[in-house]
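For reference, the structures are reproduced in the following blocks.
Shared between the two complexes below is chain A, which has chain B as its partner in the first and chain C in the second.
Our next item is the complex of A and B:
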């Protein structure tokens, strides 16, 4: 991209109490117009990083640059960012309109303009006509829309969202995911969202940074993160995956020769050597009565263990004689229940394409 | 009461109002709480110099009370002191509460404990201490009204503001700090956050704290007794000096007025709070 990135985070660290590293030497860039997600388990430092963008935490080391300006000495009220808080933080003693107008009032905009922009913002989040309501008369979902309108009305360069959907019930959360994507496309503002929910990040974001223990593990688009995870942690954290311990030696030209129990020796695409994990996603596994003849697959024999039925697919665990069972998601493509029922103890050939197999270092 | 008879409709676990002992305790509590006060009010209308036998209805003693210059001056003194104490205690209390809630500083625990000391120190000790203190520093006496009330007012503020601070502090405890951060994020500086977000949240605490300070000051006897001069008699002190001779219906009338005043102030405060909630509720 020729344009300079909107947000540059350069070697940022945050240390609490002299020893606890909440954020550990993180460098990231977010482009203008992106929907960027910070994803990780709780305590991984993602919220601290977001709060440093907002100005509520001061980095112990490193630099935060937004829109070309170093934010080191810029107070939260002077930054070109706005935030949607986890608790929504809707001011309880102000009406919806007053809530949304608050930021513009702080900017000393003329009252005519404030009125117009507040009405537009409320229409944008589908709360038109509810401006006179008080927050305690609104549902959680509506209050979140107020928080969104209140942040967007200021037309920030970046909108920060801290776990915005975690307090909503499952159905509403899915609707809000679509809604947020729609909003982001409409207003064209860069969104940075913090979430611990991988499906949320995968379905909404253009790019995702996976964090663990204060460090960024991988930054990639959702498909890249899911299909080509860079490490064991990322592979395990995003979605379900089978991991088989193996050892690898380099075979040149971006290939490695991997030896694993029960599987034997296979040559696969990859660069990691030494102790590695062979990884394959459960939905990429096929099951058959006969041994497959295709030389481009890896096949093992397995016995059906536990089966969990999920309607559209079944999650079947196969015992292949290794410590951990191998799980496969089998689509229930037929409505003939008998045909697709796996019974415990039955033996099958389980196979997957070599191209779908990942060789992951730690 | 069907204490010893089988009841065809047994008392459920949450039917507190149907239990004999509970009813008895509540009745007795209410009786001992309110009977003396109601008696006092009733006998303020008694047409008799002595307060023992009912001799008929009269409002003479109210007329007498309002014509008793000494009592009225004392009443005026009390109100003036109470109003000044209320204003200063509420402001001091709010600022103290805010500092204790918002900031971390060395010696905070000591400061917090020290501030609350006037609440636990026996009032008599504080009264004596105040008297000695004002004498020792040579606090001027014989100033014109209302400056002659200065020492009493200072003493009242000293013991009333910790109560206000504690009430306001308690209110601040359940403040969602994200609200303040959100206001900052929307462009407010520290002062605007305090004014627009924190103070509205504190408001019920401010009202409660002010009320507390007002009533504490209005009916304080012990500390006032030690800090008051002959020129600066307050209402409770005046009543005490009257009671030393005899409890006349005039004292009853004066007390009734004091009770009424406290009731009115409390009612107004509660009404104000309710009205605010109502405005909030009916704004659509």
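Our next item is the complex of A and C:
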């Protein structure tokens, strides 16, 4: 894979009104054929970045290169990208067919070809036979498929999707997630999706860029983001995690000596020094009546606080004498209710492997 | 909604005053005029209701049909010019910054707050022989001539002498005045329609490869059609019945139907004939409104979103 990246975003910034930095010095690369997600809380600049790829926003600084061409002076209608809008923006005065054919007509394709490609695109999104319908006769999910077909029929280099699933109900959303992955594999087009929903990003994308306050925090595959988050923000944003404030000094060879209240001094893998957070995922925590003897674990004593039962597991909060409680997801491996029931006030030893402990800088 | 019978007193309190108002000051006078249109003039002030159609017959004579036609034509020209001028204005307002938008809208509405008569006389001051336009042009011509005299081309060899343009008292002046008066009626409905338009439709069109011109004609115009139709109707109808503008700005051949009606009621003292002409104008208006309703029903599908 020595091929050049399909999308190169180089030091791109977008400043509004002279001071508000929506996007702050972002550099990213998206490979050909990837399903790439821009993930972040609302207002983090992910949509602005996507709109800069589409050409609706002009970067204040930096360069956007798509397919080897600098996009600085290229109008939206001349870019090799197509977009699925959050509101779908299916033209209400045109039938489904006319909507899908619109882009091809603008390209002045011969009518025979348009007809064939429109039919193909509608089949692809499973709307075959509904071409004559008007948009107001369709459900939200169907309208989204029209928007997808309308964009895909142009065979763009990149398909941009702006929060495509946010307007759908939970069940339809899950079905569409699988559907989008299937579509992307079928057509082989690079997808760039914007979402604030981490499960959406984790389940669909090959790689995810987590953004916050206009900056990219980390770019990694889903597993990388979850298991080895680069910062406190990413760890906290993706899934549930316990964060314990601590201080770290370098111990050489990729290790740090961390001092934390209640835990004491431990040497862990990591590079962050100064004020750090010790982080451990709730499902990686074990609970026992006795103090574990294994030297490769970190153990603290804790009192059971709130318990939330989720069927296959329980989310248990332990008070370990720090400000914030420690949460553990305990699998309910036995059907004997008495055995796994945690009662408030009971004391346990809570422990987790040192290898599962992350040392995170800010 | 509660049944009105349950609160009869409230119902009657609310319904009686406006009904009284409408009946006394609108329906009764209008009915009287309508009856006049079927009457004959039997003396200087005597009118006899004899249910004849001779007033209408006379109103359909070529002379008056010509004036009707001229009114329609002038109003149509006014509406067309207003539409062409208003679209860019409305687009500019919609796409301006929110703070700016308020001021631009105010500028459009501002003329409403001035009396039509004053505005029309102001227009006369601009257009008349020694008005602002002609004296401005004269200044330019004489100074250009003076500048050219330095290279030996002065003394009106190339340009001048200046002859004032005849800008008043013709059909062009009337249409100009009508456009000036009607412009807000076109800008405001267009603005409302464009403001409702979801921007993502425009972006989607651009994204799919359409240029700005094609986006305008294939997306903006069809989606703004209800606003366009409203603008056309509320510009065309008052323009068609305008009286003051052709009276003050027009020449001897710029008579529009309202001027004829006024002269029938006043100078000619022929109320029955004036009434018949008035009602013909009203029938035409109703026809225009009905036509719009039919057209809107056809486009209704695109209207609701």
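In this section, the second predicted complex is superposed on the first by the 361 of 362 C-alpha atoms of A that agree within 3 Å, B and C clash if a C-alpha of one lies under 4 Å from a C-alpha of the other, contacts with A are read in each partner's own complex, and residues count from 1 in each chain.
Just so we're on the same page, a contact is a pair of C-beta atoms (placed from the backbone, for glycine too) under 8 Å apart; a residue touches a chain by one contact, two chains touch by 3 or more.
Every value quoted in this text rests on a predicted model; they were computed, and no experiment measured them.
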Quiz item: For the three-chain model obtained by superposing on chain A, do chain B and chain C clash or fit?
Solution: clash
Practice problem: Classify the contacts of A:154 with the two partner chains as first (chain B alone), second (chain C alone), both, or neither. | Solution: both
Quiz item: After lining up the shared chain so the two structures overlap, which partner does A:107 touch, if you call chain B first and chain C second: first, second, both or neither?
Solution: both
Quiz item: First (chain B), second (chain C), both or neither: which does A:133 touch?
Solution: first
Quiz item: Touching A:93 in the superposition: chain B (first), chain C (second), both, neither?
Solution: both
Quiz item: Touching A:77, do we find chain B (first), chain C (second), both, or neither?
Solution: both
Quiz item: In the superposed arrangement, does A:61 touch chain B (first), chain C (second), both or neither?
Solution: neither
Practice problem: Name the residues of chain A shared by its contacts with chain B and its contacts with chain C. | Solution: 54-56, 75-78, 81-83, 85-87, 89, 91-93, 102-103, 106-107, 134, 136, 150-151, 154
Self-check item: chain A residues within the chain B interface of the complex
Solution: 54-56, 75-78, 81-83, 85-87, 89, 91-93, 95, 102-103, 106-107, 130, 132-134, 136-137, 150-151, 154
Quiz item: Taking the complex as given, what residues does chain A use to touch chain C?
Solution: 54-56, 75-78, 81-83, 85-87, 89, 91-93, 102-103, 106-107, 134, 136, 150-151, 154
Quiz item: Across the complex, what residues on chain B touch chain A?
Solution: 176, 178-179, 181-189, 192, 196-197, 200-201, 280-281, 283-284
Practice problem: Can you check the complex and tell me which residues of chain C touch chain A? | Solution: 198, 200-201, 203-211, 214, 218-219, 222-223, 301-302, 304-305
